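Some notes on the structure that comes next.
As written, the chains take the letters A, B and C, and residue 1 is the first residue of each chain.
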Amino acid sequence: MKSLARHRRGLLPASLANLVFLYAPIVVLIVFSFNAARLPTAWEGFSLQWYVLLVRDHALAAALQNSVLIAAVSTVIATLLGVSAAVGLERLPWRRRVWLEGALLLPLVIPEVMMGVALLLLFVLVKMPLGLLTVTIGHAAFNVPVVLVIVRSRLHKLDPQLEEAARDLGATPWRAFRRVTLPLLQPAIVGAALLAFTVSLDDFVVTFFTAGPGATTLPLKVYSMIKTGISPEINALSTILVLASMGLVGLSLLFQRKRVHA
Amino acid sequence: MNQPSVELREVVKRHGSTVAVDHLSFSVRRGEFFSILGPSGSGKTTTLRLIAGFEHPDGGDILIDGRSIVDAPPNLRPVNLVFQQYALFPHLTVFGNVAFGLEMRDVARAEIQSRVGAALDMVQLAGKGDRLPAQLSGGEQQRVALARALVNRPAVLLLDEPLGALDQQLRQEMQGELKAIQEQVGVTCICVTHHQEEALTMSDRVAVMDHGRLLQVGTPQDIYDAPASLYVAEFIGLSNRLDGRLASVEGPHCRIEVPGLPAIQAAAPAGVEPGGRVTIIVRPERLHLSQQAAQGGFGNVVPARVAKAVYNGHEMQYQLRIAENLLWTVRVPNADGGQKRFLPGEAVMARWNRDESVVLAR
Amino acid sequence: MTTDSTGSRTNVCHRAWVLVPALIWMGLFFFLPLLIVLLISFASRGTYGGVEWTFTLANYRDLADPLYLWIYLRSCALALATTGLCLCLGFPLAYYIAGEPARRQGIWLMLVLIPFWTNFLVRTYAWMDVLRTDGLLNTVSMGAGLTSDPIEILYTDAAVLIGLVYGYLPFMVLPLYAAIERMDRSLIEAARDLYAPGWAVFVRVIVPLAKPGIVAGCLLVFTPSLGAYITPDLLGGARSMMIGNFIQHEYLVVRDWPLGSAASFVLMAMVSAGVWAYQRAGGERLL
């Protein structure tokens, strides 16, 4: 590392500046959520009034409930599909595998607008009313690659001879999977599910296009609040969302890092 | 009970366009320790996997105790494999690992307890049942792998380079232990290795493979003292080589003409006519060195100059220059009283008895 | 027909059937919708905003109209500018982190990633808060005497640029860091040993060696920036429409689905071109 040292000393200020750039808006957001004043031009003392307002907001509670419900259901679907896809892909010969894997990972590259719009058209054409179900379907669709990437990466690192050893010792393919592969994949699966849950909770664009009346999610509510006008209530809500996201992703990483002695 | 434990008949396996196993046929007797020896790419690992059931032959048949098992999946074969890297289940304890096969066959809890206990005793890991594989040393892991296989009382035990991952000291120890366990249990054992010394030390019989073909099957002594081909002769142990032409045959012996050297006497090879090209192989330990010119009772004498002299503790290893581009290795035990130690540059005479060489057609 | 590792002479695909449910789901709810969009892009707009199934290329032709073309060009320009700025800002940061001892590297990376995990809406809103005329930026700058009139940044291209750079900076830093971290240090030392001054070492050794990271980072920033929706919507307003907003506008406001679909597919083509350029520049498989 010594040869990098000479250049690096001058970079510390630049790096710190970058960090300030990254955190300042969020910090400002959080700080002003406790501002008693309505506008951030002046600080009028510490106050929790905006948080209190949030708690009393029924529409917000309903949106939260929707978000959690959609996230839960879509995560279960995406996890089941993602894990089975990861396992199935592993069994394919190389060429076909690369091609199919690329196809399944496509949603990660496509602009969200396209996906939202495409799903909207599908639902309209088959005359499916927009609502919680359509949002859930959309979320499950874009979360499959999320789960797939995480589980595939872990699966790839597993010693393939472990499943062979299980077969040699009398296990049928299913039992070998259940008793050996699955337990070893478990941390990755849980981590992936947590991440998918977070992504679903946070999603805006796809939800925007596929939600109907009565299917407002938290991000949609935040959006409409923002469009209505800036208010510290949004700051308060944002603060909660920020902390919740960080917590969930932190948990997800913790699970993925958990070593099953392999 | 003359039926062989394992029998391969004309087994063929292709990987893409290469033939990994080429019409392989051999049989292994019950209770025998049988090694398959060969360089990497010789097809020995493929053969093992074919017997274990992880690959399916493109032709031929594999029988265990007289029954064809070629169409049976690995979990239904009376065969257990000890993997080269052990493949211990990291999320199960030592007990869990060893018990796995028994659990898969729904053996009763009580019986599992006793059998696993006995297996761990046998590999000297009693009391370590609740450790995890990551907490064990390499040697201990290997024993767990062995116990995990043996506890199922397989008809055939397969070993894939069993001592490959161990250091020298441990290797020697394990060689002895492995053999002892195998004899105690009496299970038929097929071991795949590229390590000659191991194969010769532990096996009842050895099969030498190259490029998917079986070159020779025999006891370690047969393989070493009577190699059937030049490849086997040069693959096993060190060999000193002379290329020449068969001049004449006199009863069981013959004379061979080697350019630049006096005529060599050796045991007559089968199937070679006078005038045919042959190669003489002399093992390093069969050569005697002295500075006297006279024959002294041995069949062949060849002049040489010492190129290198290496002291190996229990022996001296000399490199002799026989001709312009021909170097020979000679091993002389240091306990051989009266044997002088030679220095590089000295002229010596290398002698060997005419029955102590191998003659092969070229 | 090949044999798989279980020794049974079955078609390998037979055992990969577990893949099928995922394929069906994605086929139905991802590929099929995209196909529909493609088909509709060749159809005509119905009288009340529906679709009339008559084949036409008019939609794609209409997109060539300078009005619409301008939106695409501006989006491209913004995406490129975002990429460039992210590169300039991110490279020093990545370089610095790569030189830190291993444990601190983890902490730095975590710090860079944490903002990324928070809700995108929230983060964009945070910038709205800062950039408005009575927001933090103006309060500070006027209070410090730097400006006498409030700077109107919000609802301009500049605000969108800031928002995009902010949102996608981690996407640049991470691949850069990975590439720099993997660099063979002895090459830098060799260059110095051969009398290269600092600047030359940077341009002729470090940058070429970090190229895979640079290329990956550029792709990871350019692609989502091109299709950005939230950032231009919240920070740009009506004056700074990008392709994403344009598509939404066509679908939900004007209700011209065929045009919107055509616009979507042109966006798709641009994204694909980006990915293709990435592969050509020798990009490794990212996933």
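The working rule: a contact is a pair of C-beta atoms (placed from the backbone, for glycine too) under 8 Å apart; a residue touches a chain by one contact, two chains touch by 3 or more.
The structure presented is a predicted model; accordingly, all values stated were derived computationally and were not measured.
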item: Chain connectivity with chain B absent, coordinates unchanged; value: one piece
item: Core chain by centroid distance, with centroids computed from Cα atoms only; value: A
item: Chain located farthest away, centre of chain A as origin (C-alpha); value: B
item: Euclidean distance of C-alpha centroids - chain A vs chain C, Å; value: 17
item: Between chain B and chain A, distance of the C-alpha-averaged centres to the nearest whole Å; value: 57
item: Chain B and chain C, separation of their C-alpha mean positions in angstrom; value: 60
item: Residues of chain A whose C-beta touches two or more other chains; value: 164, 167
item: Residue list for chain C, restricted to those that touch at least two other chains; value: 5-6
item: Of all residues in chain B, the ones touching two or more other chains; value: 53-54, 73-74
item: Sites on chain A touched by chain C in the complex; value: 1-8, 11-12, 14-15, 18-19, 21-26, 28-29, 32, 39-41, 77, 80-82, 84-85, 87-89, 91-93, 96, 100-101, 103-115, 117-122, 125, 137-138, 140-141, 144, 148-149, 160, 164, 167, 173, 198, 202, 204-205, 209, 219, 222-223, 226, 230, 234-235, 238, 241-242, 245-246, 249
item: Complex interface listing, chain A residues touching chain B; value: 159, 161-162, 164-172, 175, 179-180, 183-184, 260-262
item: Chain C residues touching chain A - in the complex, by the definition given at the top; value: 2, 4-6, 12-13, 15-23, 25-26, 29-34, 36-37, 40, 89-90, 92-93, 95-99, 101, 108, 111-112, 114-115, 117-123, 125-130, 132, 134-136, 139, 166, 169, 185, 188-189, 192, 198, 202, 223-224, 226-230, 234, 243-244, 247-248, 251-252, 257, 260-261, 264, 267-268, 271, 275, 287
item: Contact set on chain B toward chain A in their complex; value: 52-54, 73-76, 79-81, 83, 85, 87-91, 100-101, 104-105, 132-134, 148-149, 152
